[in-house]
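One chain, subunit A, links the two complexes that follow: it is found with subunit B in the first and with subunit C in the second.
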Partner chain A sequence: MTQTSAPGKLKVGKVGELVPRVDAPTKVKGEFAYASDLIVPGMLWGHTLRSPHAHARIRSLDISEAVSMPGVHAVLTHDDVPGKKTYGLEFPDQPVLAIDRVLYYGEAVALVAAEHPEQARRAAERIRVAYEPLEPVTDMERATEQPPLHAEGPARGHGYFDDPRPNVVRHMVIRHGDVEAVGDVSVSGVYEVGIQDQAFLGPESGLAVPDGEGGVDIYVATQWLHVDRAQVAPCLGLPLSAVRVHLAGVGGAFGGREDLSMQVHGALLALHTNRPVKIVYNREESFMGHVHRHPARIWCEHRATREGKLVNVRMRILLDGGAYASSSTAVASNAASFAAGPYEVPNALIESTAVYSNNPPCGAMRGFGAVQTCFASEAQMDKLADALGIDPIELRLLNALQPGDVLPTGQTIGGSLPIAETIRAAAALEPPPAEELPRDPVRLPGGTGNTTHGEGVRRGVGFAVGFKNIAYSEGFDDYCAARVRLLADGSAEIHCAAAEVGQGVTGVILQVARTELGIDDVRLAPGQTATVESAGSASASRMTWMAAGAVRDACRAALEEQQRRPGEEIDVERIYRHPRTTPLDPQTGQVTGERAHVAFAACAMKVVAEVDVDLGLTRIVWIGAAQDVGRAVNPQQVEGQIEGGTAQGLGLALMEEIQTRDGLITNASFTDYLIPTALDMPPVESVLIEEPEPSAPYGVKGVGEPPTVVSTAAVVGALRAATGRELTRVPVRPDDICL
Partner chain B sequence: MEILTPRTLDEALRIKSERPGAWPIQGGTDVMVALNFDRNRPEAMLNLNEVAALRGWSRDNGALRLGSGLTYAEIEHGELRDVLPALAEASRTVGSPQIRNRGTIGGNLGTSSPAGDALPPLLVEDAEVECASVRGTRRLPLGEFVTGVKRNALEPDELITAVWLTPSEAPQTFMKVGPRNAMVIAVVSLAVSAGEELRASFGSASPRPVLVTAPREEADAFPARVAAAAAPIDDVRGSEAYRRHALRVLTHRALERVLA
Partner chain C sequence: MRIVLRVNGEEHEADCWEGESLLFALREKLGFPGSKNACEQGECGSCSVLLDGTLVCACLVLAAQADGHDVTTVEGFARGGELHPVQQAFVDAGAVQCGFCTPGLVVAAADLLQRSTSPSDDEIREALSGNLCRCTGYAKIFDAVRLAGGRA
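Let's turn to the complex of A and B:
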């Protein structure tokens, strides 16, 4: 264990050392200030009126009664949005407030600011909205034949394949080699993934404070401060300099805070009332307040030689993006890029389509398209192993990608990608022997429910491997800035707008700065847009790599500057860029330059499950993971990410699904949207494969997503082994096992 | 909203007769969810936490009087665990330890949800619900007390003060199916005892609690009989077909336990 020095002044180590989290004690004790804890004198409470329909025309909107309610200071509609009326991460297709129609259940329609949150809620109830319900588009397969929800085609003209069908956000095809190539054997399957929610514990919240000069400061739980500012300022009709975004305490993100939630709304109310305005969503509202993981339907055919070498992988991927684009184009592309898994595939035909519908909007979530396809393609690999009579791990090793191999997109793997080593390391992990019976029912499927004392219980072992990209792809200029001040007292202050979303980037930044500057006394200034350039998003497993690069470069520049001007205070800012990427060809899905993706990271996982086959209940007993991490900046943090990421994938495998009926969410609560408890998530034994990534600072790779990508596939693999059922849909329902 | 906090049962009953719209609250594990989700906005809350007469449990000859303020944690960990084992097993399945420290059987009865975990084991033990008002006290068999989904026979001026039962001492068990291994609302639950006769009652599979009985020698047919007595529905938590199937499996397993 690392020793700590004086209390309150934790000695944070250098890159590669095991360092306890600085924020852990306050979070464990409930003392950490999350965005929902923000409070300032004179503050008003904002509330959002949301659509009860999945698809409707707004005939009229009457706020007269609501404005005159006690304590109410403002009631705003789309008429009160002074600047651009729409926004969006990729295309501005989403209105700040609904204009003449609503496209999803929970879409924001109007805003209220009042002295008390209760007054704001009561006033919102008195806003009269006359809706004319319309037939909702809810089936992703039928969406491309139904009337267009976005007739103007927001995604057109951005360099993607121009698909004439209605409701297509992006359609792409990867053609690799001879797409008709045949093998000795072929296995097929159709797989489905339900809508998963990020289910972060800290709901959307923030505080907007007017500066008295027409500008506004927004304190918010987010993943990317500068892109928030870039979307908020035009809607407010303000220059970027008049909008300052500050990072407030984030209670989990997982992609769900990439899109805006309350940022524009809070700022509109604050500027309108000239009072600080706080907005906090409740749990039910949070399920409507952010985008979710895309539900998917995936058709697969894998062709291979008798010896088990993959010959041709053919997949058709359909993703429901819901009402607005969010990051659907990138999710569709990522799903296609990693569809075939970390295998050398000489020929492939991979089609990927994201559609618009009136279902809940979907966008970024940990794993970003690769989770859905890994679930399908790893099921296919097991099926292929079975058809060939080859050990499934041997089959994976036989086809494992390695540096120098070519991906279906035509990109040659240049950096580190130790797939075979990762598979071998996970395969070598030995699960504990089965526990004796009788045992406490909490150690059996069904847990506290006391449903079995051993009756009907079968044990199964699953194995899967998955990979995905690190950082943004396809030509996105994905940079990160850091600023270093060397002060007269010998200490250093780092500015970096990297969002600490619980992943521990704060510790990474301090470790890098201490390593580079050779001093202990380093502080990280609060994250904000005004004092430093963009850090990019805490997304895509990129933040550790990018922040490490930027802080390293800024520290080295600061030391050089200090040599030139000894004795003076130093203040330098540097921008770090990873190797440039270029777009995929819209016709062939092939790379147009050296690379479409920056680098890759993989995880292999072995899972032991016990399944009560008569009741369809499950207990995951043990998980062993081997992960390709490049170099671990802080091994303890990396293990934490592996465990957390695994739990999220396990949740998708076993229980997590937003259910809808005609586009309406029917389980918007933690009573009915279930996430794993300590009785559902077993201990994880993890092995870190450290093969430095040559293009990354210190050889690091992102670690947050690979375990999520693979754990869903590995858990369901174990369930298949225990039950003998195909289990082609996640989350697996008890019905799927025992009926 | 007004919060009314009586110190004695008499005071509580007087308030309830004067303010029948006041919502009784004890542990608050159901009531606070309804308030926080803005499902209901009563004019007043009747806080029963200071009324000592509602807490704990006592013996009266062979009968037990369980105060409506008796918590699941008290049932799970105390002496009652041996006297009412199925109720104790049911209590262990309720929510998290924090919820079990607050939640009470009075609340479970007051809510009268088909998913109420305490109801099947209490019904199998022929429990009666004691309802009190300034007009007097009456006892209703549990099967008559619950009249429908989240509806019961409580008059507007009445409070649930206790549950009465005479422990059968029959071998008994409780099981609950949920899609995760702790902290779930029952997809379906079951209490079974095997005394002079076989007795079963289930949760989340009918609008009201149902008691199914059979002679001991008809054990083989009992799982099918229990499943047939259910009237389950399809909802976000589970399917009708699964609930019926699970009831058969659970009854079969329960009989193996209680007849062993």
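Let's turn to the complex of A and C:
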């Protein structure tokens, strides 16, 4: 049930109150400035020439004709990159512009700046690139036997297990207890996940403005301003202080804006032409402009006692990272950490490998490794329940993790983790009774296609539970800064570089500041690198927790300072860190300190589906979700995260997959890459389980990812129940569910 | 070529290249960036505007085709600082997250409510099925349409 505030009354309240977003009025009026809306006098348009090959050597590159095209001000290649030629989130293995080879379809090769975007596009077509196509590495299972795409092994020497095989980004094994332990029963399965795209609606965009003194201001839609600056400045050969990154309006992110897109390219063109340069990707280019969710193959064996207690979970996880590393090492580790699901597992052998290939590069996407393994392990739990003749929800409750239990990594769960409560709450939600026939075809599989009147339609109920970590893990120095200015007029100005990507962190910051300062008149200054330290990434369900901690601490420090210096303006900055984590042992996958992950959040979901088994069409009827949220800062926004996160998992279950042929993307459009529409989404009934996280400010937990982690598994569970099919691959195709 | 059209009740002129869409002209030449450029092939509805009162994707209309016609964009809905009832309902219901789809949805929802003040849930779903949203899962958008309809 959605509650709403009094119409027309805009206020930002305190922590825990249901308040409208401060950015909503400008967004509904069309006045909110997204990165693609920016416009300044004298602005040029940038365009990127991209590789038509998944793997090729560049024999020659001739820009002479392009340079002389009308309206063209610059045509740049790797020769024009003045600083470091490569960059990357974890390892600098990706060239700013291709040097002598291309490793994926859509890799950036050259740049053009022109007066009109069409002039820039046409000039790019006249750049002559002689490619010598090479055999692409496209099968993740064969990648470790094929010639290395990165012979230098960029991931080596970073504290991970140094795997001698070619094309391994990271390989790790978690050995827990007696890895050979046997139970009374055993179930096995092999599961596969396709490549999912974030498909944020606002394509990659930004504006780079030269400052006339050799430096540059970049206004961009991103998730982490300071890490952009840390990657951009070395490529431009500039000190950090000469590169100022500003947050422009972000049209969704979901992990796809963690890596750079146009930042260095725009800055290069702006500095070269001494004119502001705007780059806006179109939808096709956006599919090449960011990393995607890793496709996965997962081999599982679950062993249990006759009573249903898990004895040993053995899994082998293979993830295709594509051409460059991005955050593949962390995704591989996360997939392993959460592979066994939110269950107490006394013995486990979990192997996880991310490989390089010539497929589209993969990295962060909402759920970050846990989505793929949740799909596999929850299918296994249903299979186990079936083999044992135990109710699947009872089986999950029997094995549910609780604080004090030990994870396969050896970490003892310290904070809040109400798995059993979450399962019970979701199980208690009652779906609506099956609607009688005849009914409007819009409420049948096939919808307005009018493909059935109910014949061949079967109903099934699925259930799944999943969890993942909050914030960065494995020893990463994860922090967030906030700066508070108490002004002479009694108001306060907050500076925090946390990226508002649509998740509502702006409201969180203002709610916390009001709560701490006890005043209404608080505003958040525009996010930028020059006025405040890093906030870290708007990723990993961390931003609410981290920004709340930093703003709380800075507000309290400001009030103390005000007591010491009454009547003066106050300006303080504080850095908040969550409890420290430590790396996993590279040989055993076991924790080397108290914890590798700081905290966890869970979600359980019940799904009702109808399947037309004659045509392989589906209709998801209803979804009930219970989520462990710590404490809801703004319940309306939390519900919104659950509903939206559920939709993305439903998309992966039913329709979303980037398709490739020999590494080339064949469906880079919203005509061919489908995401859920208003007709695909059922009502989502959500219950918030509020058990405060003791180590977090106000007891909050991140809420963005858990629903995405679990909804794919729950939706496919419902399709299995309706069809009796094993359904080991997502997205499920019509052929898979035609009986 | 030179085009003259009425946008949100006022006459505007623009110098356009023949291949430019109405969306490009609105956003880049006429100062109406409210309509969004999410797919530019008529799949997502982010650029929805009313052309002589008919709901269209501005990306699928050539700027030249709009010559001499009336266009209403999302910027034309609020009156004298007051949000349009559909806009207010989107704010109140929590129907906005990143907001990139919001302008198109506001136009499409207003168009629906123009035809019917109390559409059924199925009618709302169908009417908005041409507008993609990646953040909200649509639930609060449906709430907003019901809220706006109920207030009318």
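As a working rule, the second predicted complex is superposed on the first by the 723 of 739 C-alpha atoms of A that agree within 3 Å, B and C clash if a C-alpha of one lies under 4 Å from a C-alpha of the other, contacts with A are read in each partner's own complex, and residues count from 1 in each chain.
In this text, a residue touches a chain if its C-beta (ideal position, glycine included) is under 8 Å from a C-beta of that chain, and two chains touch if they have at least 3 such contacts.
Just so it is clear, the structure is predicted and the values come from calculations on it, not from any experiment.
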Touching partner for A:G640 - first (subunit B), second (subunit C), both, neither: second
Partner chain(s) touched by A:D735 [first = subunit B, second = subunit C, both, neither]: first
First, second, both or neither for A:H290, with subunit B first and subunit C second: neither
Partner chain(s) touched by A:G446 [first = subunit B, second = subunit C, both, neither]: first
Partner chain in contact with A:H116 - subunit B first, subunit C second, else both or neither: second
Subunit B versus subunit C as contact partner of A:T671, first or second or both or neither: both
Partner chain in contact with A:N282 - subunit B first, subunit C second, else both or neither: both
Subunit B versus subunit C as contact partner of A:R366, first or second or both or neither: neither
Greater residue coverage of subunit A in the superposed arrangement, subunit B or subunit C: C
Partner chain(s) touched by A:V684 [first = subunit B, second = subunit C, both, neither]: second
Shared subunit A surface residues [contacts with subunit B and with subunit C]: 282, 442, 448, 669, 671, 676-679
Subunit A contact footprint on subunit C (complex, rising order): 17, 19, 27-28, 32-41, 43-44, 46, 73-75, 77-78, 83, 87-88, 90-94, 96-103, 106, 122, 124-126, 128-143, 147, 151
Residue ranges of subunit B in contact with subunit A within the complex: 33, 36-38, 89, 92-93, 173-185, 187, 189, 236-239, 241-242, 245-246, 249-250, 253, 256-257
Residue ranges of subunit A touching subunit C (in the complex, touch as defined): 2, 4-5, 7-8, 10, 20-21, 23-25, 27-34, 36-37, 39, 116, 118, 198-203, 249-254, 280, 282-283, 440, 442-443, 448, 501-504, 636-637, 639-640, 643-648, 669-671, 675-679, 681, 683-684
Interface residues, subunit A side, partner subunit B - complex: 121, 282, 284, 442, 445-453, 455-456, 614-617, 619, 654-655, 659, 666-667, 669, 671-672, 674, 676-680, 733-735, 738-739
